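As C-alpha cells, here come the structures.
After this come two complexes, each holding subunit A, first together with subunit B and then together with subunit C.
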Partner chain A sequence: MSLKYGDRYPGLLRGTGIGARLARHSLTLLAITLLLMPLADLHVLSRDPWAELGRIAQGLLMPHFGSIDAPFKALGLTVSVALWGTLAGVVLGFPLALLFSRSRLVRAGCAFVRAIHELFWALLFLQIFGLSALTALAALAIPYAGIFAKVYAEILESTPSAADDALPQGTGRLSRFLYCELPLAFGQLAAYTRYRFECGLRASVLLGFVGLPTLGFQLESAFREGRYFEAGAVMWLFYALIASLPWWAHRRLLLPLTLGSLLLLGPWPQIDGALLWRFLSTDIWPAPLLSGDLPGLVAWARDIPELLPAIGNTLLLGLLGTAGSLVIAMLLWPLASRHFGNRLTRAAGSGLLVFLRSTPELMLAFVFLLLLGPSLLPAWLALALHNGALIAFLVARHADSLEPGMPDLPASGRLAYELLPRVYPGLLALLYYRAEVILRESAILGMLGVATLGYVIDDYFQTLMFDVAFALLLITACLNVLVDALARRLRPRDVTHDDPCLRQEQLSYPR
Partner chain B sequence: MTAEVLVELDQESLGYGDQVIIRDVSLSLHAGERVALLGESGVGKSTLLAALRQRLGQQAAWCPQHHGLVGPLSVYLNIYMGRLDQHSALVNLWNLARPLPRAWQEIAELCGPLGLEGMMKRSVSRLSGGQRQRVAIGRALHQQRDIFLGDEPVASVDPHQALGLLEMIDQRHRGSIIALHQRELALTHFDRVWGLADGRLVLDAPSNRLSLADLDALYPSAVASLPESTTVQAQEKSATPEGSLRCHRGRS
Partner chain C sequence: MRHTLSALGLILLAGPLAATSAMADTFRFTAIPDEDESRLVERFTKVADYLEEQLGVDVEYVPVKSYGAAVTAFRNNQVQLAWFGGLSGVQARRLVPDSVALAQGAEDAAFTSYFIAHDSTGLESGDELPDAVEGMTFTFGAKTSTSGRLMPEHYLRQRFGADPEETFSRVGFSGDHSRTIALVEAGTYDIGAVNFSVWDAAVEDGRVDTDKVQIIWTTPSYPDYQWTLRGDADERFGDGFTDDVRQVLLDMTDPELLASFPRSGFIPADNSMYAPIEEVAENLGLVR
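Take a look at the complex of A and B:
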C-alpha cells in the first residue's frame, strides 16, 4: 500500500509544520554560531580564575557594610537619577507618541536615539556637562523618550475603539483622547512606565561605571581594587533596592519621592553656551566634512584604524550572545516551572533566574572580566546568562499557565510533547526581541575592555577626538537599527501577540 | 399615514468598503414610531443601524452594542460623554477634574429613573452588566436627540427592567429603532417590526398584525424545519403596503 504524498515518511527535521520549521530555524542559528566561533577570541587570560572567584564569593557571602563610603548618598542619587530620568523621558516621549504613527521623521528619530545605549549617551554628555546630574538625566531621558514614544504609541493604537465610536459625531480630537483613549490605555501606560523605571534604576547604577557617583561607582572601584567585602556589600544593597521596589515605589509615595529626590540631584553644571555650541557644531563633526572637502573625508575615514575588527567583534558577540541566550533559556526554564522537580528545586531555580535577570549584563561582565581577562568570553557569558535567564523566567511563567492534556506523562514526555511545542514559538520570539538589546549591550561592553565598538568609542572620547567618537556612535546606532530590522524579519510570525509571555516582555513585565 | 418621515432608505445596499452586507433595502421611519429590528446575530442589524446613524447625524442618539463605555471613568463622566461635542476641549478637560455643576445636576436627574442613584462617582468597570447597560442608555438619553438608535440596548437586563427602560426611551424621543432579540417584547412594545435575514429586509410590518410564528421565520437556523414560513411572511408583507397601517401609540 502506498502512502499519500502528504503522509510519506519524513526525513530528519523535514516537514512543513511550525515545529519543524522553528527547529530548523534554531539549529541554523546555532550552526552559524558554531561556524563563526573560531573567529572570536575566547581565551582565558587570567592566571587563576577559580581562586579569584572564591574570593569574590567570599566577599558576597560576608559583605562588610561599614566600609561603604556614604552609602545613603549613593543610593539616594541612584534613585533620584532613575526617577527624574524616567520622568523626563515620559515628558519628552509622550508628545512624540502622539505623532508616532503619522510622521516617518519621528519614527526614524526615535529608532535612532533608542539604538544608542544609555552609557554611550552618558559618555557624550560627559564632554558637555561634565560629571553632573544633567549628564546622568540626559543619558537616561533621551533614549527613554524614543522607547516611550514607540511603546506608548503601540499601546494607544491597540485600545479598543468601541467607546470612541459611541461618542457623538463632531467631538473634538482632544476631547476624544481625554475621555476615551487615555483612560482606556492608562493602566498599560502606567505599568510600562513602571517597568521602564526599573530599567532606569539599573541604568542609573551603571552610570557609576563612567564616573557619576551612583552605586555603580563604588561597586566598580571596590571591585577594581580587590575590596570584595565592600563590593559584596554594594551588591547586596543593590539587590535590596530592586527587591524592595514594590514597597518604596508605591503609587502613594511617588509624589513625595519625586519632589524629595529633586534635592538629592546634583551637582548641577555651569553651562557655557559658547562651548556647548562649539561642541555641537564643530567638535563632533569631521573637519573635512565641515569644509566640504570630500577626498579629505575619505582620508579621514581611512585613518580610523581599529574600526573593522571592532564592528566584526560587536556583531560576532551579538550573535554569540543571542545563540547563548537561546541555549541558557532552554536549559534553565524547566528549573523554575511548576511542571518539573520538587518545591526545593523550583525555589532554587526561580532564585537563580531572578538573581541573573536582576543583575545588569554590564555588572556580570565586569565580574567575569576580572576572573577571565579581557577576551570575548566573559562578555559572552554575561550576555548569555542575563538574557537567557530573563527569557527563561518569562517562558517558565508561560508554561505555568498551561495545563498539560495528559498529566501522567513522564517528565521528559511532558517537556517534549506537551510544553515545549507550546512555549517554544514564544521563546524564540522573545529571543529575537532581545537580539537588538543584546547587540546594544555587545557594543557597550567594550567600555570594560572587550574589543568591541564601545572600547574604541571610549578610547576616542578619552583622547578628545570627538569627531571620530561621534561617527562611531552613529555607526553603532546604524548597526543596531539594521539588526533590529533583521530580527523583526526572523521573528516567528505565527506567534500571536496575545501570547501572555510576549505581552509581558513588551508591555508590563512581571509586576 | 400623514406623519412626517424622519428617515428613509430607498433601494440601498449597505456594507463596509466593497463588502455588501444588506442589499436593496427600502424603509422609512415616521414620527412617533417605535421600530423593533430583529434578525439573527451577524445578519447585519448593526450595519443597518450604523447606516441610519450616519444618515441622521445630529438627530440620532446612539446606544451601541456592548455598551462602548470607558471602564476606568465614572458613571457621571460616561454619561457626560453623550454631549462631549457640545463643550470646548478646555471645558471637557476641566470637567474631568471637577464636574460641571449643571451637568452634574442634569445627570443626577437622569440617574434616578435609570436606577443608578448613588453610583455617579463609581467607575464603570466596577458595575454589573445590567448597570453598565443602563449607563449606556443614560449616555444616549443625555444626548437629547430626536431619534433613539439602539443596538440591543436591553440585552443584559431582566424583562421588567427592559420595559421600564424602553418606556423612558419612548418618553424622550420622537421615534426609535431598537435592535433586540426578545421577540415577545417586539410584539408587545413596538409599533412596527423590521426583520433582516439573508442580507435583506424580509419583514416590515406593524406589530399588531404579526405573531410569534412570523418572527420565528427570521431565525432560520432555529426553525430549519419550517420552510413555508418565509412564504407566510412574504404574503404578510405584500398585504401591508409601506407605512399604510401605522399603529398609534396612545401616549397619555
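Take a look at the complex of A and C:
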C-alpha cells in the first residue's frame, strides 16, 4: 500500500500506488454520479410525508400482533420455502460447481440465471404453476443454483492443494474429491449455504408481494392500505425470525426442520402439461419468430414502446445506488466500530446497521415510495441505505480486527490516518461486488412503480403479453451480466488478497 | 434454554399443518383485488359460505394480489369462477376457450368512472374535463382495471387527442381504487380516475374527506364487472353445474353479501355484452 519510488509528485490523485488509484476510482464514481444526477427524477410527490412517517413509526413502535391473520401459517410457509428453495438450489448448483471452471457454457448459463431477480422468476413461474409452492421453490432454486455453482466453485478452487498433492498417484478422481477436497472445503461451503439460506428467508418474504401467501403478502397489503399497526407487527415477526436464526436453524435441528417444513409447503399445483408446453413453446416467443417471418419480427419489435428511458433509468438508479452506498458506508461504519464512541453509541450504531441490512431493499423502497411518491428518490434511498449498511457492517468488523499503531491519536486522526487507509480497499471491493446486486434490485423496483425496467416488465405480465415480457427479462439479464463483468474488472482485486480477514468476509458474503 | 427455544419454535412451525393440501373437488373462486384487501378476504369468505350452502360442493375463496394474478389463476384452473372486471374478464375468456360470463351486477350494464381531483387544483365539476387538467399529475388505478384505467384512458384520448402521458405532467398507477382515492386525497396526485361504486361506498362510509377531494367529471357508461366460469365446469362438477352457479348468483339477495361487491343484485350476462370493452382494449393495445 506504499507509494512506488517512481512517484515524483505523490499528489492525492497522481500516483500509481494503490491509494491514489482507489481515490481516483471513488472520485470518478462520485463525479459521474453528480454529473448524471440532473437526469434523474428525484421529486418528492406527496404533500405531507412527515405525518405519514410519524404514523409508520408509531405502527412500528406499537405493533398490533392480534391483527395479523394466521401469522404462524405465513411464518411456516416463509421458512419452508426458504429452506426447500435453498436446498433445491444446492442440489442443482453443486454438480454445476464441479463443471464450472471447465465449461464456458455452464459459466454463461449460471451468470444468466443469477442475473434475473427471484421476483421476476416468480412472475414467470406464476404463469405455469399459479400461486403454488412450486412457483415459490422454483423462483428461489433457479437463481440460487447459479449462485451456488459460482461460489462453490470458487471455494473449492481456493482450498489448499497440499493434501491433494500428498495422495498417492493414481488415486481416482472421485476419491480425491470425497476424501480430500470436500472435507477441506466443507466448513466454508456450509457457511456460505447458511448465508444463502438467510437471503432465501428475505426472498421468501418478498414472494408475498406477488401473491404467494408468505409474510410479505400481509405486509404489502397492510402497508399499502395504511394499517401500520398490523404492518409493524409483521415487521417485528420478520425481525424476530431473522434474529432467532442461530437457535431454530441449528445444525442439529436441520433434519427435523427440513422434514417438518415439507408438510407446510403448499398448495401443490395440478400441472397441466398442455398449458406448460404452450407457455414454453409458444407464449414466451414472438409469434413472427416462430413462423420465421422476419419483417413481422421487425414490426413486433417496433410495437414495443421506447425502452431507452426504462433502461436509462435502471442504469442510472444502479449508479446512484452504488455511489449512495459508498457514501452511506463511509458515514456509518465508524458507528459500529470498537475504535469510536462509547458502548451506548456502538450498540445504537450496530442496531441501526443490523436493522437496515436485515430489511430487504424492496421492502424499504416500498415504504419510502408510500412516503415520497413514485420517483427515483425513494428507490435510491432504499438501495443506498440497505447496501451501505451491509458494507458498513463488514467494514466495521474488519476495522475491529485491526490494532491501531498510534493509540494516542484523537478519533479523527485514527479514522483518517490509521483505519480508513487500511479498510478502504476492502470497502471498495465490497462495493463493486454489490454493484451487480444493486442493478438487479434497480430493475425489480420498477414493479413498485418506479420507472425502471421492472415497471415495463410488470406492464406486459399484467396484459399477459408474455413474449414481450420475456424479451424484456432477457434484456434485463444481459444488462446485469455486462455490469457484473465491468464491476469485476474495476474491482481492486490485488489489494484484498493479502488480507485474510477480508477474504473470509467476501467469501461468506458475495452477493 | 437454547434447546427449549428451538423445540418451541418447531412446535409453533409444525402446528398449523392443516388447510394446505389441495383437495381435488373443491370449487374455487377469486375476485380481482380492486379495493382494500382486508375487506376482500372478509367479504368473500362469506360469499364462499353462501355458494357452498347453495351448490352443495366445497367452496373456497382464493385471494390474489393483482388483476393479472386473478386471470392467471383462472387460466391455470386454480380457480373455476371469478369476479372479473370488464377487461380482466375479456382477457380470461380469450385465454380459456368456452368460458362464459354468467352474471353481472345490476349496476354493471351501465357502469361509470369518476375523475376526482384534489381541492388545491381548484377544478370544479362539469360536463366535460376542463382544459385546466393539462399539465397536472394524474393516477389511474390498476394497470388492467376497466374503470380505473381502460375506459378513463379511452375518454381521455377522445377528449385531448393525445396519450395521457402527453396530457399530464406525470401519470401513475395506484394499484387499486381505494389507493387512488387515498393518493388524491393526500395530494400525491392532483387527479385520479376511480370506479364509481367504490367511491360512492367510501363516501357513504365516511372513509373519504370530501373537503379535500371531489368528483370533477363522470364518464359515459360502459359494461363492467361480471362473474365468469370456466367452460369445463360441467365436466368436473356434473351436468348442469354452470346453470346452477348462474342461478345461485342471480338468487343472491342477502344485502350483507351484495353490499360487499358493492351491488344491489345480479342480472344475467353473456360474453357478447363485453364486445365494446374488447374493442377499446384492442385499440389501446391492452389485448391482442
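The criterion applied here is as follows: the second predicted complex is superposed on the first by the 485 of 511 C-alpha atoms of A that agree within 3 Å, B and C clash if a C-alpha of one lies under 4 Å from a C-alpha of the other, contacts with A are read in each partner's own complex, and residues count from 1 in each chain.
Criterion: a contact is a pair of C-beta atoms (placed from the backbone, for glycine too) under 8 Å apart; a residue touches a chain by one contact, two chains touch by 3 or more.
Since the model is a prediction, treat every value here as computed from it, not as a measurement.
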> Given the touch rule stated above, what does A:221 touch, subunit B (first), subunit C (second), both, or neither?
Replying inline: second
>> One more residue to check, A:272. First (subunit B), second (subunit C), both or neither?
In response: second
>> For the overlaid complexes, name the partner, subunit B or subunit C, with more touching residues on subunit A.
In response: C
> Who does A:168 touch here: subunit B (first), subunit C (second), both, or neither?
Replying inline: first
> Of the two partner chains, subunit B (first) and subunit C (second), which one does A:187 touch, if any: first, second, both, or neither?
Replying inline: first
>> Quick check on the superposed pair: does A:38 touch subunit B, subunit C, both, or neither? Answer first, second, both or neither.
In response: neither
>> According to the stated criteria, A:178 is in contact with first (subunit B), second (subunit C), both, or neither; which is it?
In response: first
> Where on subunit A is subunit C touching in the complex?
Replying inline: 45-48, 52, 69-70, 72-73, 75-76, 79, 126-132, 209-211, 213, 217, 220-221, 224-227, 244, 247-248, 250, 253, 256-257, 260-261, 263-270, 272, 275, 303, 373-374, 449, 458-459, 461-465
> Mind pulling up the subunit A residues that touch subunit B in the complex?
Replying inline: 162-163, 165-172, 174-176, 178-180, 183-184, 186-187
>> For a test of understanding, state which residues of subunit C touch subunit A in their complex under the given definition.
In response: 2, 5-6, 9-10, 12-17, 19-22, 36-38, 41, 62-69, 71-73, 75-78, 91, 95, 137, 142-144, 170, 172-173, 175, 178-179, 182, 186-189, 285-288
> How about subunit B: which of its residues touch subunit A in the complex?
Replying inline: 57-58, 62-64, 66-73, 77, 81-89, 92-93, 96, 136, 139, 143
